[in-house]
Structures are given as structure tokens and as C-alpha cells.
């Protein structure tokens, strides 16, 4: 099957029109006229992931994070990212990015997958798009049974890939959590939306000291922080499975087993 | 002793001219003509810290973080920060901030204290000011003995206040660390300076996924992340002690024992 | 009655949504949970007015001009405005501002009061808001009887508080005035709207040389300049009376008798 | 004498390089190759002043205020300013502007003339240029004898042309004035410089409510406000006389007797 | 007939509301109350064209290009453009500009005239205005018979005034041309619109190397470049004839016979 | 010889620090560690030129114009420029750009080569860099013998590659030319510098109607316009020869014989 048709299937699931204006989604390298037999899904286009693409003979790498979010005037091989482009092109493998469009996609996107893996009921976008109330950033939904914040942190730790940082929570450990807001990736800016939606906790990543400290001073959702990688990983098997089915099994799909969370060690606490 | 003289002593140690143009340092509330008998030092001006000020009868609270970094048109008491201003003014207590000027101060500032508590030798600023090579952001210095990255993480955990997140490291745990760069608070932007200084590791806080992931793809310093609060806490006893001596013991000083790191719980990992 | 309810009554009259985006209206200091027995109204929150608040035991000062139009990082007592905040907070008195929202308010605002005190008939906004044609900046209305520009200046002088600068007019003193445009405060930018409304004169304050000179070179309204304070003063008794009635007399109201026009002397002419 | 040589003489006195970057100085219309016999000086290029140019057969009008400060795409005669250009060109008369360059000129400029007419001793610029300490905006100098603020207002009224607004003063009428700062035209922004220079009063024009009100709340200079026209008029006879002498009497010079202050009437006070 | 009525007729044909926001259309000099007997049309208001205005006793010059596109603070006669203003005003002649409004005019504008002179059928705007689909920039229409690109270049050369640069074409000389897009003046930015309209060629002027080179690398319209002057000249006789008829022959009209293309010589090729 | 060493030789001749801040010079694709045996020089990186690279087995293409002046988020093969990147990478060929740094280079750059091919004596930069008076944009020099403008146009046509547009001149064909200013590429903005240098003519490319028309109205240099490609071509053999010699003949060099001027036909004139 030509790459062109694989791209069409991905674009149908993750409409590029849903991406932020500053984003860099779509095909980074590869020739739409060449055939694709095997597709690998990963969060980050790192060197190790490209090794896996080439080592496993994949023809297409689909990642959530853009390789070239900052635009470039060239892809020379003495630059980290240019070297990956050279290796992929010479190996005949393409790279395709679904980033904020995958975050916002209504049915099988990053936030929908995160809500599903946590078992949230009746999940809807925290920040719906104006055109489609089922699409948008973040999700908010209900836990099947209330639990304390400390129990919720444990529930999250069990549901997501293990990382060295684990799951941090800010708030009274005994607070009862019923309604949960989530946002894959750096979602601290959705705190006001989570509060407006009546969420008892917002789960996201890359939270910094000052907003968490301020949040602790006012009534509002507790906060839960996980590795950026961990919050987006649940999308990979969903996206791989959907693509396989959308293309009636004509391409083989796989999810990278590499942990691309960059933290390798923890001490203390 | 009038507050005016206490302020003069603090300004002499932490020259306001060293602060960033966007910063908000100096006296937030309080009357320079009123007397000060007891000064409390803390990282953050939170509600709990203000409770401690009032409960212990302190006349002045000195914090590292500004209460009103975003400027305001009023301090009404139904706003979190306005309420703290009302409580302090009514209790006759002042609030004084030494933020990026304390970060840059040459001898007894935030970064100097962090380097000292880790035992770094020959520490000098990572980003010196043009006027004074002994002043500036961050510090870089040498460990007395080389150690692995995993051992270094343990060393940091032992030297700094305990927090639920502990100490995370990115890089090969067996990498040998000789030269250490540190930056109290959010210092990810100093990575290039740390690399240029030949540091084997940069220790700071509030590091997000993308820069850490990119750093892992190139040669350069390993990274070590601690709680923002923990990285700045070592300054408190140093500053309290200096002020006491600068004022010949005419004011009583104390360091808040409250942990203002907002994370309260951790699960997983 | 708690301050919260007094604020609600003021906000109902002077909807904060009518304020300019750059404005600073609402509660500047004070605790909405504390009781209010007496409210003082003034144009400017000066030191003398705060003396009057404290001297007369008022619990709330309502002014037209903001104390902190330029936002601040602190309210230290060695700053003029910070000192007023300290004095009010320690005296248990709040400060509430109704500025451009009071200018635009439909029924009992600054411009409506100015039109009323001059006896204008059928007054309507010069620059209506899009949402409500009865609200907006300035007013234009008809004199009961035509009069010359010089007579109109005398009429204005008699209707408004006396100030050292008096009332200046630009235009032929014998010009007949039938339709009058007014704008409390600095309203020179409404000249084109006054011309479009067919006004024979625009009365406002703070007019500078160049626009007045240019206006004299073309057909259009004559101009009349009074003290900024004088143009806004008529609102004070109206607002005080409305608040008293809105709260069914449960708070005592008073209008400051201090003249806050800063000019103290005149010579020549 | 060709207009070119008259322009050269004016540029030598009022160096165009001293003008603000936003200003519009120099020749507005007229042909440098045509002869000039008579030059008229005025503050403003109004219709009445152009009538006087044409009625008296002047070949050049020199004004302080620019005709076309806002640049234009044409000078059609159905526009006020375009009509003046048509009338001047058809009458063979040029228009030359010396504005902020005349304000800053060291020896015979607008501010120097204002200081002289008030009898100030040892007058020097309030805001000197970096290149020449004798040039710059405003002047500050000493009165030969101290006088009260009310007496100073009377002194100003006697020294400057009479206008309907007269002279307004803000401050204690009995305050003793020794050192005087002046700035022809709209000079409110020089208040800090006047304070730094130790002035007891700043005399300027076009002062608005808020800065005068704020100035009244702090220690600092008293304020004195006169008509913009009146503050700049003293320059006219000085400039006319200097030009006549610079050109050895080869051109006839005259000062317009028209009062271009636009205020025509005053009532009240 | 007063100039005012001639302007009204021109504005009716070339609605000023159609002009770009940055443009400078309408009356540049002249008095709407003075009579007009003869009108001259030209592309550029150059010195030679003004000589022709004065030499032929015309009362109004109508040009396509603005004299003062960059706005001015004066029109002194020692400036090229100021000198032309002086000469026109003294000769009693007005200057009127119809620029981007004439480009966009639906029926007798610059682009409509260019399409007509090339014999295009069913011509419609390339970039219609939102308000009127018959108005807008450029035109696209059909040739009566297909021809090769080289034949089309010859057809253009025969239809437009001769210039030293002639007609340049980019593309395969044997490519068959059926649908033609045109834009008088600098129309390179309309290439995407021409491609979207299915044009086989875009004819315009002032094309630079890079966009033409890029266009040659992709499928899309061929390009044809003529002198800017030549592309706009066809409008002159159309506009002159329309004005004569609109005013029922009460003014005499003429088209300048001067070639205002600035290129005077060609060598090589 | 590794590509790294070829790049070092090119950077030594065409210092990247001389490039404009907006430019995109240096290696676009290719691996500095791979060997280079043959280098091809061309003005533009077009499809035909890349065909030539691959057809002739060149390992490196050096062009004057950047392929990716507008930075990109990817180089997919369904984009014109991405396809060229894929073809070059798969063929093992690099692309290197020397653009405004080659324009400014002192001894063997684009402008120096253009001055040389025209036989100018004592050529120096029109716009020297501050650091090195021998480097900079444009050149100005003397003809060995004066000639008329029409003869000069013929001289240029004979010296540069033939293009369909030939050489256009603006000015009196009989004007005598002694001093010549040149600027390869789009150099119209250097007209003022050419006038200041006393040049009788400025030769450049991509000149548009309005600046040429304005130049014809004032005293100043005549203008001469050639194809952008033609003005930069003379650099190719110079650069190829210098590189060959700088590398002691260890790489083979060649100059593309393709004419990358996009104009293919001319009619009329």
C-alpha cells in the first residue's frame, strides 16, 4: 500500500485542521508514492526509536512529538535531527507526526486514550473546539467509584507505564476524588478549565512550582503530575490498532517498547 | 531597630540592581518607620507561612519568591494575596522579597548557598554579570572526589530537604561526575552555559520533558532535577545568619520550618 | 451590613463589564466579610480624603478615580499610595472604585449626572455601547431655551462647583447654543462624536491647545473646558443617594465636601 | 535675498538636528530660489495668520507649530490645511517651521526666551542634550528675589501675553519660590527633571488633572499653568530680531499681533 | 464645470472604498470649487507629464500612480514632488489619483481594460472583492482560439504599447494557452489565484527571479512579463472616454502620448 | 577528502559571519564525514541542476541561492524542495549554500567577480562592512575608457551570459559613463550608495517600475538591468577555480552549464 494511503487514513483520524497554528504536523520525510508494509508508533522520534525503525524494517514511523517543531534551513547530518532525517531517508522510511491534532481528536486521540486507560466514565473535552463539542484538549469524566487522592495516585501509577519519577500529587491525601480532569503532555494551563468543570483533580505533566503552589492556596482541583511520556503513551496502542483496522490489515502495525521518558534514576524521598 | 535599617542591611547583601527587569523585589508591605524585633525567613509567602509570622510575633517576613510578581490594581481581602496583605498589615508585619537579586548575589546568595551545601570547590557563577565576575546566576564548581551520577543523586538527596519527588537524574547512572553546575529554581535555560563550562551535570528544578529529551540525544551535561523549594532552601539559614551578624544581633532571626514544596504524595516508581 | 452586599449594590448600578479594558475598578482594599455602616463618596482618593474617611469613621470610601491605575508589585508605606492602603486597612475601611463603568452607566452615572445638573433635555449617550443604547460615554441633549455661548459658560459656572480655573469657552461668544454635548473628565476625543450629533458645544475638561486650535479652524461645536473635578462632582450626591435607597437606608452615606481640584490660585485675565 | 539664504540663517540658529524624531520642521511650502523681502513670525499657522501674511505682503511665514505634523498624501484645497498651502503657494509665500529644534536651541530658542522674559538668572536646560549642555528642553534658573507662589503667578501674568485662562497655580499660595523651572508648550513630562533640579515651581502649559493631583500629594515643585500660546510667544520677537541681525537687515521682519490662543471667553471663579 | 463634479464622476466609476488601506487615492492638489475644461490622463505624474498638463492648458491631471504614496510633512519646491505640486497649483491645475480602486473597479478599470485589449472572453476578477463578485484584482478569461505560449507573447506585444523590454515569457514556448490571467502593474502575488483559476498563463509586470524560478519547478501557469507602464496604459483611453460620456461631453478629455516606462535602451539577446 | 574539509575551505573563502541575519547559508544536506571527489557549482538548486549532480556523479553541489530560505518543518518528497533533498541524500550528494556571505566576500565573491568580468579598475565595495573595508555588498570602479550608456549596455551584454531579456538601460543613451557601480542579484536598494559614490551607472537586476521611474526624475546614476542569473554567474568559475586550488587539486570541480534564468522567450521591442 502506498504511503499516500496510510497518510490519508491517519489524517482522517487526526484531522490536521485541529492542530495549533504553531504546530508542525504531517509528513516530515518519506515519499508518498513508495509502499508501506510496517508502521511503528512512538511518542518521541529519538535516536533509539529510529534505530528500532531501521532494525525492525519499518517503512513508517508515526510519532506524537514533532522532530522539527522549530523550522530549519537544512537537514545536514552533523546536526542531531538532520542525521535522523538522513538515516530515515536512506533506509526508505518515512516519519509522520500527529501532535496537537491527535490531542484534540474526538474518538481515538491522546486525551481520549488517557481518559479510557484510567476508566473515566462520560469523558468529554475540557476545552472543546467551537466546531465540534466532541473534539478538543483534555478530558473530564467520572470515576466509577470515589477514591481518596492517595488512592487515585496509586490507580494512576498502576494504569500508566512506570517511570522513575512516578506519580506526584498535590493536595490533601485524604481528599475524595470523584470527577477527574486529564490532559496528556504539558497541560497546566487547563487548570482553570478543570476547576470550571468541577473536577476534583487535574492529572497532567510538566507542572512547575509556582502554579502548583498557587493552586494549593485556593479551593480547586488537586493536582497530579506524571511523566510527559507516560501521559501520552496510552495513545500508541489505540492509534496502532485503529490504523490497522482502518486499512483492513493491509499494513502491519507495532508499538515501540522503548521508554522515551528521559529520566533514568531517582534518589531520596 | 526601625524596619528602614533592616531593609538597608538586606539591600547591601542583595543589591536590588542585580534583579531582572521583570522582577518584583523589595518591600511589599510594612512601614519603614516602625520597629522590627524578629525576622522570619521562608522560600514562599504562603498562607501557612503568614500564619507562622503572626503566630510567632515576627515583625518582618523575608521571602525569596515575590507575593505580587504579577502587578495588581488592588489588594482586596477576597483575593488570596490581598488577604495576606491585610493580615500582615493588621498584624504590623512587613514583607520583603529578595528574588533574582538574591540569586545573583556574590557571597551569600541562593546559588552560592546551594553550591556550598553540596560541597563544591572553587564555585563561580555560570552566567556572571558584566559588572562583577563574582556575581551572577548559577554556580559551577568541582566535587572534592569524583562520583557516579547515581551516587551524585544520592549525595544531593542527602544534602537538601526531603521532598516527595526526591531527586531525578537523566543520563547514564554510571557516568562519572567531577564538575557540577547548579541553579536554584527554574534553571533549565542555563544548560548551554553549563555545557560551555564543561560541567558533567546540571542540577536545577522545574525541568520539562522536551529540553531533557533533547539533552539526552547529544553529548553534554547530565541533568538532575529537585523540587524548586529544595534547591532554594539552603539560602534561608545563610541569609538569616548574615542578617543577624550584619545587625550585630539587634534583631532576632528565624528560619521557617514549613516545607513549602506543594507536592504532598507520591505513588509508583 | 457586610461590605459584600454594598459592593453588590454598587456593581448593580455601575456594571464592571462597562469599564474600559485598561481600567482598574472594584475593591482596592477592604474585606467583603466585614460590616459597613457609613460610606463616603469622593472624586479622588487623596490623603485629605482618607483623613476624612478616618476622621468621620467611614467604613468604605467610594471614589471615581482609581488609586492604583498603574498596577503595583507592593503597597509599602513609604510610597504615597501604599501609605493610604496601610491607613485604610488599619482603620478597617475599604476603598471601592467606579470609574469608566460609572462614566458609561445608563441611569445614575457620571455623564448622566452632568447632563442633569445642566438641565439638558432628552439626553442620550454620545458614544453608546453596542449592547445598550442607553449606556455609553458622554451625553448629548437640548437646552430648554437657546442661549449664547457666553451665557452658556455662565450657566455652567453656576451649575458646577467653583474652581480657580472657572469655565473657559472657545468660539464666538455670541454663537447660539441649543444642543449640548458633555463628557465628564478628559473627553476631548469625543469631539467628532459631538459634531456628528449636531451639538453646538462640547463641554469637557483637560483640553489641550492643539485640538482646540484645530477645532477653531473648522465648522463644528464650540468648546467649553472646566476643571476635571468639577465635571465629575455632580455624580457624587446622585450615587450616594442611589446607594442609600438601594440598601433601604441600612447604610449611612455622605459626600465629601473637600474640593480635590488641585489648582489653588489664579492670576491675570 | 533668496529664500535659500533665509532658511540657512534660520537653520543656523535652530539646528534641525535638535528636533525630535517625530517632528516636522523645515520648509513646508515655498521655493528656495525665489526672493524674500519680508518675514512674519507667529506661533500657529492658522487661517487668520495666513490672512495676515497675504494682507501684509510677507514672503515667508515662520511658525513654531507645524502645519502638517501628521503627514499627508495630498494638499487638496477642500481640506483646511491644503487650502492654506494653496493660498500660500499662489501668493508666493513660503512657510517654515522651527518647532522642537527651536525649543532646544541654546541661545535664542523658545525656552531661553521664556526664561529671559521672566527674568531668571543663570538659566540652564532642564533636560540638556548629550552633545551640548547649553542646549535642551526647558530651563531652570533663579529669581532675583524670592517671592510667594501667589506673587509668582502675578509676575507671570504680567510678563506673558494676556489670555482668557490667565495663570493657574497648584500649591500653597504662600510657599516661597526661589528656583523656577519653565517649559514652553506641553511640558508636564519634565516634572521629575524639575524636582531633580531643586525647582520650587514648574511653569508650563496643557497640564491635566491627574499629574497635577499626584504632584500635590508629594513634596516637590509647585505647578503653574499658562496658555500654550502664551508660553511660546516670547520667542517671536527674539527670533525676529535675531534673523534681522543675522541677515544684516536685508529682510524686513515682523511679529504677528494675532492672539492664537483658541480660548475666547471665561466665566466663573 | 466645477472640479467637484468631475471628481464625483470619477469616484462613481472608481469607488475610493475599493482602494487598499495603504493607498493614497483622490485629490492631491486643486480646488474643487474651480472650473475644469480639459482633463489629461496618464499613468505616472512625472515632470514631463506635468509639462504636458501646463503646455496643453489642462485643468486636471488624472493619473494611475499616486504622487505622494509616502506621506509628507510638506511640499517644498526643492523636493521633486513638492516642485510638481507648486507648478500645478500655480497653473491652476488639479491632480487626481485612481490607483488600486481603478485596479479593482468592475467595468472600466485597469484590469478590465487590459483583459479587453487582449480580447479575453468571459473575463472575471482573479481575486474578487467580498462585496461584489464583478470587482476585484486581476482578470481571468478565455482566448477566442488557443495559441502557443510563443504566439501569445507575440499577441501581447502587438496589443500593448511598445517598450524597450518587450514581452518576456517563462515556460515551454510550445505550451498551448487557452485561459489567460492578467494583472496590471506588479501582480506576481496573484500567481496562486491564477493557478487556482486554471489559467495557462499569468501576464503581469515587475516579476523578480525567485518567484519565476520557483514557478518553473512546479506545474502551474506559464508567466509573461511586460513593462508596468504597458500593462496599465490600456486603461487611459477607456477612462478618458467614460469620463467624457459620464459628463455628457462638458469637459474635453485627452490621453497623454508620453511613454512613461523609464527604460530607454536595450542590448543583447 | 571528507566533506568536512571541503566545507572548511569554502567557509574560509566565504565567511558565514558575513551573511545577513535572515539568510540560510552552509550545509543543507549531506554528511561531513563522507568523502567528496567532485563538486558542481551552480546559481540555483533547481531540479535540472540536481539531475546534473546525479548524472555526473558529483558528491557536492555548491549553489549561490538557498534551497530552504523559508525554514521548514519537514522535507517530505511530495514537496518540490523536499523531493530534491530526498534525491540528493539517496544519491549521497551534499548541498552547500554561499549566499550573502559570498556576495560580501572581499576577494573572490559574487560582486568582485562581476566587477572583474566587466573590467572595472580599482573596484571597492559600495557598502563596506564595518569590520573590513575590502568586504561588503556591491562594487564601484572605473572603466578603462569612458563610453556612452548605450555602448556600456552592449559591453555588459557581451561580458555576461546571454539571456532572453538582454540588458535594459534607463537614462540618456548618449550619457558618458566613467564610474560603474554593480550589485549581483537584486541590488536596487544600493542606488543611494551608488549615487554617493559618484557612479554614472548602477548595474543590477530585478529592478521594478517605481524606483526606476523616480530615479529618472532626479540627477543621479543611470540604471542598467540584467537577468538575476546573469549577474551572479561570473562567480561560478571563480569559486570553482579557487576551491580547486585551495584543496590542491584533491577534488575535481565543475561549473554547471545550465542556464537557470527562468525566462525562455521574448517578443516585441
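By written order: A, B, C, D, E and F. Residues from 1 in each chain.
Methods note: a residue touches a chain if its C-beta (ideal position, glycine included) is under 8 Å from a C-beta of that chain, and two chains touch if they have at least 3 such contacts.
Computed from a prediction, not measured in an experiment: that's the story for all the values here.
Enquirer: Could you tell me the least number of steps, going only between chains that touch, from subunit B to subunit F?
Expert: Shortest path length, in steps: 2.
Enquirer: Which chain pair shares more contacting C-beta pairs: E-F, or D-E?
Expert: Answer to which pair has more contacts is E-F.
Enquirer: Among E-F, A-F or D-E, which chain pair copies the contacts of C-D, with over half of them the same by residue number?
Expert: Duplicate interface of C-D: E-F.
Enquirer: What is the distance, in whole Å, between the centres of subunit A and subunit B, each centre taken as the mean of its C-alpha atoms?
Expert: Once rounded, the distance between the two centres reads 33 Å.
Enquirer: Starting from the mean Cα coordinates of subunit B and subunit D, work out the distance between those two points in Å.
Expert: It comes to 55 Å between the two C-alpha centres.
Enquirer: What is the distance, in whole Å, between the centres of subunit B and subunit E, each centre taken as the mean of its C-alpha atoms?
Expert: One centre to the other, that is 67 Å.
Enquirer: Quick check: how many Å separate the C-alpha centres of subunit B and subunit C?
Expert: Each chain's C-alpha centroid was found; their separation is 47 Å.
Enquirer: When you check subunit F against every other chain, which residues touch at least two of them?
Expert: Residues: none.
Enquirer: Mapping chain-to-chain touches, which pattern fits: line, ring, star, complete or other?
Expert: Basically the chains close up into a ring.
Enquirer: When the cyclic arrangement of chains is written out from subunit E toward subunit F, what order is obtained?
Expert: The cyclic sequence of chains is E, F, A, B, C, D, beginning at subunit E and stepping to subunit F.
Enquirer: Which bits of subunit B are touching subunit C when the two form their complex?
Expert: Result: residues 24, 26-33, 66-69, 71-78, 82-83, 85-86, 89-90, 94-95 of subunit B touch subunit C.
Enquirer: Which of the residues in subunit F end up touching subunit E in this complex?
Expert: Answer in residue numbers: 44, 46-47, 65, 80, 149-150, 153-154, 156-158, 160, 162-173, 185-186, 205-206, 208-210, 212-218, 223, 225, 227-229, 260-269.
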